[in-house]
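Next up, some structures in structure tokens.
Note that chain A is present in both complexes that follow, paired respectively with chain B and with chain C.
The block that comes next holds the complex of A and B.
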């Protein structure tokens, strides 16, 4: 124990220690909460109704594995190529409509994968306008008279998911390219490397953490998707999981498959982490002059416009156009008074989830920064991100089990000690739904904020701390303004993803409670696409608002900051 | 301003609801709200009892199980005998005995112990292209696997409850080895990889991708009521299979009272209401399903298809064979 005389010396040190501990305690707590559903699933996996593996291995497992791998590989390559190339073009080249494409390229993110799958099926199937036109030209009658690529196939699945998932990569890669100082790139050019080679050797490796996060997010979405693969009859592991759970009534067996998928994801992510653990790139904030973008001579710049237009047209304009025309056809059936209420529910839940996810991600990422050599904090941040790798419906069970156990425990205590029943406090409430959203999408916000934060040089913290700023002030006064883009990205993606989330919402919600997604599902699940079109359109529109807001803020903050630097 | 008004309105609505809806009954439903709302609405109109519905498919059973004695649910609505059996086997239902229910619902359509009651019946019918199929070639489910049907049949996923129900029925009648030969034969006859719902199969016949499909009968009813889909429905003949022997395979939609129902009186009222002639008639008119209650007037469409011989097999026997059926579908690689 220090003597009382030394009070003035020890007090500040103790305060600092206390705060550091609080950061860690908070992080542990929230990470544990976020991991709770995953732990519940692992726990369920210990008690299968029947050992499913002998049956699965001898029948469908090889098929499930094969299609899962092909799908992930296909989507991975597709989102990487589309996302990185478009992000590079809009940050480093000048071409007609470039400023518009900065945000246009984000739009497909607002479309749920199953919706785009429905729309393209409507367009390209036998009864759709494309094949009708072909038949009227060539005089064919039946489907067996001619060959036409079947959209409901593995190729179709890869195409559809690639189209709506590439914005993850685009968004993170663009943020990374924007935050990159042009100095290194220019140095490479001065050393005689071509534009393309400099991109490969300098810009791409520096942006790698962000790109990897983007691809990983897209792949996890792919792994979890049920709507699209079910509609396209692609037999992935997720399809197998639902078979075992709902068909064979074996929840424990399904939880085992989920756990296997989880292990797979964790392995993938740690492999990536060990691959780049020795690399570190810092920027000193935005302390560089406005970028000069390359101009292609004459009309050649239009080729770049065309290139960027392809994913926007295919991933947004066409499906939304179809959606609008269907919504008009079925407007009278769909436009009901409850509609505004459903939209309000969706907005409220999604924005709450986004806000909470940002706060928790900030806490965890910053604590990790404060303890940068701590392996424990790395584990904490990864554990908090696990929810993203679990299919929504399974995650919902992971929420139901601990929540109901807690509710029933509190209830039994209340009965025992006070003689009254508290009933279910958390189960079947809006809170349970928001909790599920946060757990499911925390990985997105942690990924985005960590990758932004990692680019702020450590010397900034050291300088600020030396000047006597406490940890939380360093965060609010120095880091927040620098990582604003990352934070907004995080919030936006969580918001949009929550708007689209379906399976967990369905099973966790209270009585008589609809969101736009559950409303759309009612009809879409029966392939009544027309009736569901208006709702789907609203989901897309609601998702657009933050997309546009965000991209404007990103570009403006960039401009403002560069301007400030020049002054 | 608008937002403030909206929030105020919502708050007011919530208060009004909670003040005037003292009488209520809570339902967990596997059935889409639009399919049951018309009946629930007139129930509330007639009795003043408010019906709260939670609709979900995946995970409903787990939610009910986890909530245990504190569950708010009084009733469970579901389609497919398998799910009714699951709820009962998980010990989540209670025995209900009621003269009204027993009088209105035939023995074969309810649980012996009163744990669940059927509400409507759905026939698993065969549809065949009017242009390309000779009706003598396809008279039974067994014919789906015959050589004449090679490359001509379409169905939805073999793992779907309706296909599993059908396969479980084949197991019940023919035993596992013979049923597996049938399943493999059907698989070999498929014109395409199983995909889409029952409606999509009819569409595929219209488009010439296949000639024959097996579907639940009310999909025909739905298509005939949607101007865009009428041409699909009109391109096929409806066949009620196995009229020469055991009859057409029927499944049910039904209801069960939960073990821990808090509003059991109101729940019973709702059960009896749905079994009443008024509601049963609505089921046939709104959804095109067959009422379980004998003597209830059928809708025009059902009358047009006419009377047919129904398979009277005990539904619990079908439910018992489901596990075997789903593994069989895996073994014949039905969905690949």
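The block that comes next holds the complex of A and C.
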């Protein structure tokens, strides 16, 4: 005892400050990089080089706002009605093929809105098979002989987006309905309410938070869309942003429109946030196992099958069928060395984005685990996830601004000191595109990795550390093997989403550089839908992979792990 | 003998809440000690602080005379040479039993490593299971593997966090004894954390009873049971009831059953209302006694009955009675007090009310 005491007293008092934590430094750095585009836009909007607000407000902005609002309202109502009704049917009724429809209803999620827009245009335009058929039946000849709705309109846009985005609502509403205790519903029935009234008075309000989240996610996608509204000539804010930037080359103006869009994003995010907060408190989390489903008498049950079949057929079977047949018809024209180059470009960019997103997500999630109770790390992880809500076009403007500033700075330095120009180092390179992909999809990757890490018990880390493994070895030796499933999911989703991404790619890609998505967009814009089909089919096939994974989870159990539920 | 582990006035907090406040204790080499307390009392935080997973706000922790934790310094957990065993066993599910036990033997190679793992498995009586995977083993076997894994690198100190809580009652007792004997044989110093007093008593030489971030009492089991220093310890350890009383002159406490002699807490002046701890084994069945109480409930324990008795005043007592004494509910039972240790606490509830009614006197 005295010995040790003496030792301590005589030893020089050496206060070893905790060393700089590389994990945290790295996490801060990457989170800051991920937040850079958003900050850049806000900064530009606040301190514009050239104020075009007055001009914008007096001319086009009201129109952009109006169409954006109408589109979002329309899509919101459409996804709500389709998603909630189908989710209600598959959870509360028994009908033929119900189990199959539980996952079939997810399939439209695999199709980008612009692809379905191209397909329906091809199908329903004047020269398309439907109108041809009508003309041959009724003997009409000219467009003015009869009335046929124009698919390339606001209504068409709402319909198209509603068809591919309703699965967000369906997925979350279904999970919420399954989580509800049947007792609540039965109590309502016993109190004398009809089946439908009980649904309106009890089940729907309890599921409301989940439904709100689903609708918010669908609307974020709506705001993100460029391909559809461009093709249908709907003048939304995104369209305006393109006009101002690509048409007029006015970066400040583009940033100001981008800020207006960010306001929408903030609204949607708060909607989603409050939805999720309420969700925790509305849903017991306890799942009822053997739910007794209502059975309609005799063949009446088939009406329900038919009802559920409508969105699947319209949102998946018809467009994919058409896509396949067009891809076959135009195969020789499409399968060119150039096409293969574009496919390779897509593959390269998407897999780089996936790899980088995984690495950053691992760094941030693991740092958060190492600093379990740190609020700072929670903020870091949230900040790094900001991008998922930012529309691609807005994000692209946010990438251009700091990249251009950096390029100019380096360039001027080089000229000043070495007498040569470095030109553009980052802007207009594939690096900028990959950067945008990573920022936009980092949230998905962090969500997936954090949720699988959270399933590994804390004591596993403590056991490994006390056995002599430093933090990084605990990650590589013990965590990686345990969370490889989550990593794979993260990578897959980022890969596929990057592959589909259109608006940011269009703005940021190097001159004459094409990916499958831009190639499809280019051909479709030139009214050559047939030639674009093969590329679109590739994108849809890639998009099917995560949806199939999701479906398998759904059909295997009732546990729904939605892509973004983990956020 | 010098102390292996010295915990000096440590304070820990979670966010803004202090979960451990000014806790101190020492462990000498070879001691099996235990922190016992209800959930949320801070005992696991102390364990985590010793292992280097939780920072200190104040105080210090020394191992073998070397300071390993202080508010501005934390020796990394992997450098502390401690072993740790967890409630959920925390075996690495993707590694075989052999690889799990060998996980801490990074400095060993080939034959030496093999021999060490085998001898460890032999000591926990699980030799032959080397190639199994954790999920193929029972809970008790998993915990023995976890123990073997923690002991294999010869840790300076073994920390165990509720190691038996996931096991069924019978197993936890036999495993508790087995682990204790194994640790004693190897001379391992161990600190165990549990909320279960049976675990604590089976296992340890010294028990620290914790409440709300403090250690209320650091003693052996016998003293904790018979001479608790606080109401909390008295309540938490064992069963018992409190008998109202009043301090008389000297060290005498007057209760409705008897005049009792013993140490009275220093703050209690004559006339001050107190509560006397009465354990079930302090209440002895005696038909010749002048006092009787009505049986209000009974609980058959096999070798004994635990009766809840009610005195005329309404006070309830517990009494442990040999199971041959089978009495019906409502029956009057003659009782007397046989207190070896008088444990008296000031009666906080009565202090304000100033009880008007004086206790019955014999």
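Simple rule for what comes next: the second predicted complex is superposed on the first by the 310 of 567 C-alpha atoms of A that agree within 3 Å, B and C clash if a C-alpha of one lies under 4 Å from a C-alpha of the other, contacts with A are read in each partner's own complex, and residues count from 1 in each chain.
Rule of thumb we're sticking to: contacts are C-beta pairs under 8 Å (C-beta built on N, C-alpha and C of every residue); 3 or more make two chains touch, one makes a residue touch a chain.
Nothing here was measured: the structure is a model prediction, and the numbers come from that model.
*Asks:* Check whether A:393 is in contact with chain B, with chain C, with both or with neither, and answer first, second, both or neither.
*Replies:* first
*Asks:* Just chain B (first), just chain C (second), both, or neither: which does A:371 touch?
*Replies:* It touches nothing on chain B or chain C.
*Asks:* Is A:143 in contact with chain B, with chain C, with both, or with neither (first, second, both, neither)?
*Replies:* In the superposition, A:143 touches chain B alone.
*Asks:* Under the stated touch criterion, name the partner, chain B or chain C, that contacts more residues in chain A.
*Replies:* Higher number of touched chain A residues: B.
*Asks:* In the superposed arrangement, which partner chain does A:184 touch: chain B (first), chain C (second), both, or neither?
*Replies:* Once the two structures are laid over each other on A, A:184 reaches no partner at all.
*Asks:* I'd like to know which partner A:59 touches here: chain B for first, chain C for second, both or neither.
*Replies:* first
*Asks:* Mind sorting out which residues of chain A both chain B and chain C touch, each in its own complex?
*Replies:* none
*Asks:* What part of chain A is in contact with chain C in the complex they form?
*Replies:* Result: residues 1, 3-4, 7-8, 15-18, 373, 375, 457, 459-460, 462-470, 478, 481-482 of chain A touch chain C.
*Asks:* In the complex of these two chains, what residues of chain B are touching chain A?
*Replies:* Against chain A, chain B makes touches at 6, 10, 26, 32-34, 52-60, 62-63, 66-72, 86, 157, 159, 161, 164, 193-197, 199-200, 203-204, 206-209, 228, 323, 326-327, 330-331, 333, 335-336.
*Asks:* Mind listing the chain A positions that touch chain B in their complex?
*Replies:* So the residues of chain A in touch with chain B come to 55-56, 59-60, 63, 126-127, 141-145, 152, 231-233, 235, 242-243, 245-249, 251, 340-341, 344, 393, 396-397, 400-401, 403-405, 407-408, 411, 421, 423-424, 427-428, 503, 506-507, 509-513, 518, 522-523, 525-527, 530.
*Asks:* In the complex, go through chain C and note every residue touching chain A.
*Replies:* 2-3, 6, 14-15, 48, 51-53, 62, 64-65, 67, 70, 72-74, 76-84, 86-88, 90, 92-94, 103-104, 106, 146, 149-150, 153, 155, 159, 161
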